[in-house]
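Chain nomenclature is as follows: A, B and C, assigned in order of appearance, with residue numbering initiated at 1 for each chain independently.
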Amino acid sequence: MTATAPIAPAAGRPRRHYGTHLFLVVMAVMWLVPLLWTLYAALRPKAVTDKYGYWSLHGPLNLDNFTAAWSQGGMATYFGNTLLITVPSVVLTLGFASMMAFAVSRFTWRFNLTLLILFTAGNMLPPQVLAAPLFEMFKHTPLPYSISSSGTLLDTYYAVIAVEVAFQMGFCTFVLSNYMKALPSGLTEAARVDGASVWQQYSRIIMPLTRPALAALGTLEVVWLYNDYFWPLLFIHSGDRLPITTGITNLQGQFLLDYNMIAAGATITVIPTLAVYLALQRHFVAGLTLGASKG
Amino acid sequence: MSVMPQTTLPSAAAASAGVTAPSARPRRVRRLSGRDRLVLGVMVGVPTLIQAVLVWIPTLLSVGLSFTKWNGLDLADIRPAGLSNYTYAVEEYPPFWPALAHNIIWLVFLALVATPIGLLLAVLLDQKIRGTRLYQSVFFTPVMLSMVMVGIIWQLIYARNEGLLNNLLGTAGTPGAVDWFGDSDVNLWAALVATTWRHAGYIMVLYLAGLKGIDPSLREAAALDGANGRQTFFRVILPAMRPINIVIVVITIIEGLRAFDIVYLINKGTNGLELLSVLVIQNLVGAGQVIGVGSALAVILLVISLGPIVYYLVRTFRRAD
Amino acid sequence: MASHNPTPFLESRLDRRTLLRGLGGGAAALAAAPLLAACSGGPAPSDPAVKATSVGSGLSDPVPRSAIQAMVDAFKAKSGATVKTNVMPRAQLVDNISSYLQSNPEDVITWFAGYKMRYYAAKGLLAPVDDVWAQIGGNFSEGLTKASEGEDGKKYFVPNYNYPWGFYYRKSVWQEHGYEIPGTFDAFRALCEQMKKDGLTPIAFADKDGWPAMGTFDYINMRTNGYQFHLDLCAHKESWDQQKVKDVFDNWKALLPYQDKAALGATWQEGARSMTSKKAGMYLIGAFIAQDVTDKEILADLDFFPFPAIAVEGTDAIEAPIDGFVLSKRAGSNKTAKDMLAFFGSGAGQDAYAAKDSSNLQTAKDANTASFSELNKKGAAAIADAKYISQFFDRDALPAMANNVMIPALQGFIKDGTIDTRAIEAQAKSLYAAE
């Protein structure tokens, strides 16, 4: 392996990388096989795989499992719930994080670094550490029945949204504050001289300039929240309120041993993330590497 | 999704990029008007309040609860318990040490296998080779998936009679077929392979971004000095990548400690897949709620996590002072 | 202060239009906040004006799922009430029952008789249903009535059906090999040995979900030490760290070589399939195994025998859990919910269930048993003849004991045949003391 790991050749002398290609092709195949195997199982009728086994080339390929998984699994509901949780969470996270980042990066005050450190640290905690107290806090937070059928914050989207926002805010604040720090101070100075208030400096000057970072973080957060499993698992108990990633595990119980259906459900669940990947890959990668890359 | 650590580094000094953005000289708040100070107070206060109420206070409450006995039902039933939950967890609770061992194995495996694979891929793909974008896309795809999906997809690979692996090995349907997620001798490793599928792509992307940011003149200089590829990498590139190396170390450790989704999906973290994070949840929200013990386990997990967190914060913010 | 430069990735990608669209969408979503409320709000639990109730069901497998739905539909047709049904995977309901009952439970919930039911009743998470029992009391035997009571003597449970646990097998396989039903443990082991020689896995076994192995423990304990000892052990009136408990595991150890090695990765349905597909000779499981058998021929080929005698009480004790319904605390004043419970406790309600899931046995006296299969009749007779009836370990013991202690302990035992009774006792002490 190491023998095939040369470093970029000196400029102007393209080298042929047969060994490297061989290695990469083998790796790429290994990376693709799980996805292709899932897709293949999803496309095959159960009767055929029962008869010939999954390791076979028999029979028709069709979308029957997909339609069955979609309707029997109630996946439309799960997707709707994901939307209801993800969109407000991302908007609120970016809104709060950008305000916080603006305040800590464009002004100095006594605790700004301390708070930034606390925000950054908070999002690195294992979420399980907070589970019990949050559950109890929400259980004892009364809400009118008109907005929560539990009468408390439990089993509501609000609970999940609140915790997602709190957890993701730390990371976004951190990234945005770095980004904002790099914006020339002259911008806001000039605006201040023209009499712009703090809010105007934030909303008219800094935020527009921060858009690339917001786009990258937004894409990243959408995918992360779409993929979140733990918080809905903890707070939501009604099957018809679960988001897709937590709900999909119900499918596993429901389609017990029916690997074709499970594969179909899995494929459907993967589609939106892959769509984001194809459409907004750069934003996603930028979000991931924002600040992580050497500037 | 908890497994994806939302950690990144601040970008290091921008010297090499050639952009000398005049550094912002933050203003002192004292000089602001009353109204502006109020606005600023709200902009800081609301997020801080959210963060405090939903992250830091619960963390402290967890610490507090770890010194009590409670079945999680009536607040009036909370009774002080001293250190007994800790001694129980460490001395009487059989899954504790296996879980700790599994967390360490998880961490070591990520550090010695998954992360190096990601680094290797990044280094290979950083060369000007054909199809590099295609390769990158392939390796990056699993990063988009949740650990739950990774678990479900690999279940289809690992299933005893239906799975691809045993079919390839020719053991499917025979008594010799290994149940990769069910056999406690192998299921930890099987779960780690599935995790690697996703983790390596993540590391690859981060490292690739770092490599792209390396000043090309560094390489040219090394080449002029007659250094070969390997020498260039280890003597020039690697040291220049120090900030991102730290991120990757921290990400690897934090991922090792936050692993939860995939083992919970496979078998609720029993039978060879015990991890500290799952034991916490089993004791906190399972049918048998033992809040004190669960909280004690949570605090142990917290203390272990604080190591890499503090290390990261110190490295990151020291410069900012 | 060092200046920070955002990554070059971004410089090249400033697609303002995408962005604005994204932000616009976000604003729209915020404006749609009432939608969130609409999706998580609901009527106050005991609004007398609305004739509505709900069922939370952990019966997620296809057959019982449709059976519960049939039962609910029958009630809806009879009463004109609206009933919302929430089906959760069984493991989810059972594992999270505590947090479920505390958060937003449905009114009527599928549950089980036993210590675990009494435990949540005593913790105030269930509502008493004595007024329902005033209507349905005559429908149930004394044993079932007693099993529906909480510690305070009030009723908290309405039985639906019960089912015996025993060794299920295919008659054709046994005929082919000339196997005889073993009456004693020695005969049983000899039979296992013979099956092994004949190329069968003697005992199908599955314990991925942790609970099925408790059935084996319960039977060996009752046969080795008697019914009373078993119940006392479940309630921790007896110590786990004593010879009697070690004897149980010694007896079990003699069976381990005959139980399917792959148990820890298999669900009970996979275990069932290894027996019905003639790979395994027999399977210690509940009568609900029939739910998983769709082939009529195989169903007719199914039979069972009781766990053989070991040391005491012969085969007098039987494990025959009762499944039924409880009422969540806040539905205590919902008249419709209670009407539904009364219906579920009637022959008509139970028959609606049994029409879809014939594997179990209705418990109401006025239920129609004419449609019982041979297997049903045999099961009903076995329960009727039994002197002692146990529920199941995870229903007879403290929830934390069953979940946090026994599951890992039994899984460890299945894996390598070792058990640390001292450690179990230490955990039991701490957990029962915390209550």
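We adopt the following convention: contacts are C-beta pairs under 8 Å (C-beta built on N, C-alpha and C of every residue); 3 or more make two chains touch, one makes a residue touch a chain.
The chain list, named the UniProt way, goes like this: A, B = ABC transporter permease; C = ABC transporter substrate-binding protein.
Given the structure is predicted, the values throughout are model-derived calculations rather than measurements.
Enquirer: Find the chain most remote from chain A, comparing centres computed as mean CA coordinates.
Expert: So the chain farthest away from chain A turns out to be C.
Enquirer: Report which of B-C and A-B is connected by more C-beta pairs in contact.
Expert: A-B
Enquirer: Just curious, how far off is chain C from chain B if you go by their C-alpha centres, in Å?
Expert: Chain centroid spacing, chain B to chain C, equals 36 Å.
Enquirer: Suppose each chain is reduced to the average of its Cα coordinates; what separation in Å results between chain A and chain B?
Expert: Spacing between the chain centres: roughly 14 Å.
Enquirer: Specify, in ascending order, the residues of chain A that touch 2 or more different other chains.
Expert: If we look for residues of chain A contacting two or more partner chains, we find 135, 178, 181-182, 234, 249, 252, 285, 289-293, 295.
Enquirer: By residue number and range, which residues of chain C touch two or more other chains?
Expert: Where chain C meets two or more other chains at a single residue, that happens at 1, 3-9, 91, 96, 99, 102.
Enquirer: Quick one: which residues in chain B touch 2 or more of the other chains?
Expert: If we look for residues of chain B contacting two or more partner chains, we find 10-14, 17, 21-24, 72, 209, 212-213, 285, 320.
Enquirer: For chain A, which residues count as touching chain C in their complex?
Expert: For this pair, the touching residues of chain A are 81, 84, 87-88, 90-91, 94, 135, 139, 145-152, 154-158, 178-179, 181-182, 211-216, 218, 234-235, 237-241, 249-250, 252-254, 256-257, 280, 282-283, 285-286, 289-293, 295.
Enquirer: Applying the document's contact rule, which stretches of chain C touch chain B when the two form their complex?
Expert: Touching chain B from chain C are residues 1-9, 91, 94-99, 102, 116, 123-125, 208-210, 262, 264-266, 394, 398-404, 407-409, 411-412, 415, 420, 423, 426-427, 430-431, 434-435.
Enquirer: Considering the complex alone, what residue numbers of chain B touch chain C?
Expert: 10-14, 17, 19-24, 69-74, 84, 88, 91-95, 160, 179, 181-184, 187, 209, 212-213, 267-268, 270-272, 274, 282-283, 285-290, 292, 319-320
Enquirer: Within the complex, which stretch of chain A touches chain B?
Expert: Interface residues on chain A, with respect to chain B: 1, 4-11, 14, 17, 20-21, 23-24, 27-28, 31-35, 37-38, 41, 49, 53-55, 96-97, 99-100, 102-109, 113, 115-137, 140, 162-163, 165-171, 173-175, 178, 180-186, 192, 197-199, 202, 223-230, 233-234, 245-246, 248-249, 252, 259, 262-263, 266, 269-270, 273-274, 276-277, 281, 284-285, 288-295.
Enquirer: Could you please specify the touching residues of chain C with respect to chain A in the complex?
Expert: 1, 3-11, 13-16, 18-19, 22-23, 25-27, 29-30, 33, 35-37, 39-45, 60-62, 86-92, 96, 99-100, 102-105, 267, 269-270, 273, 330
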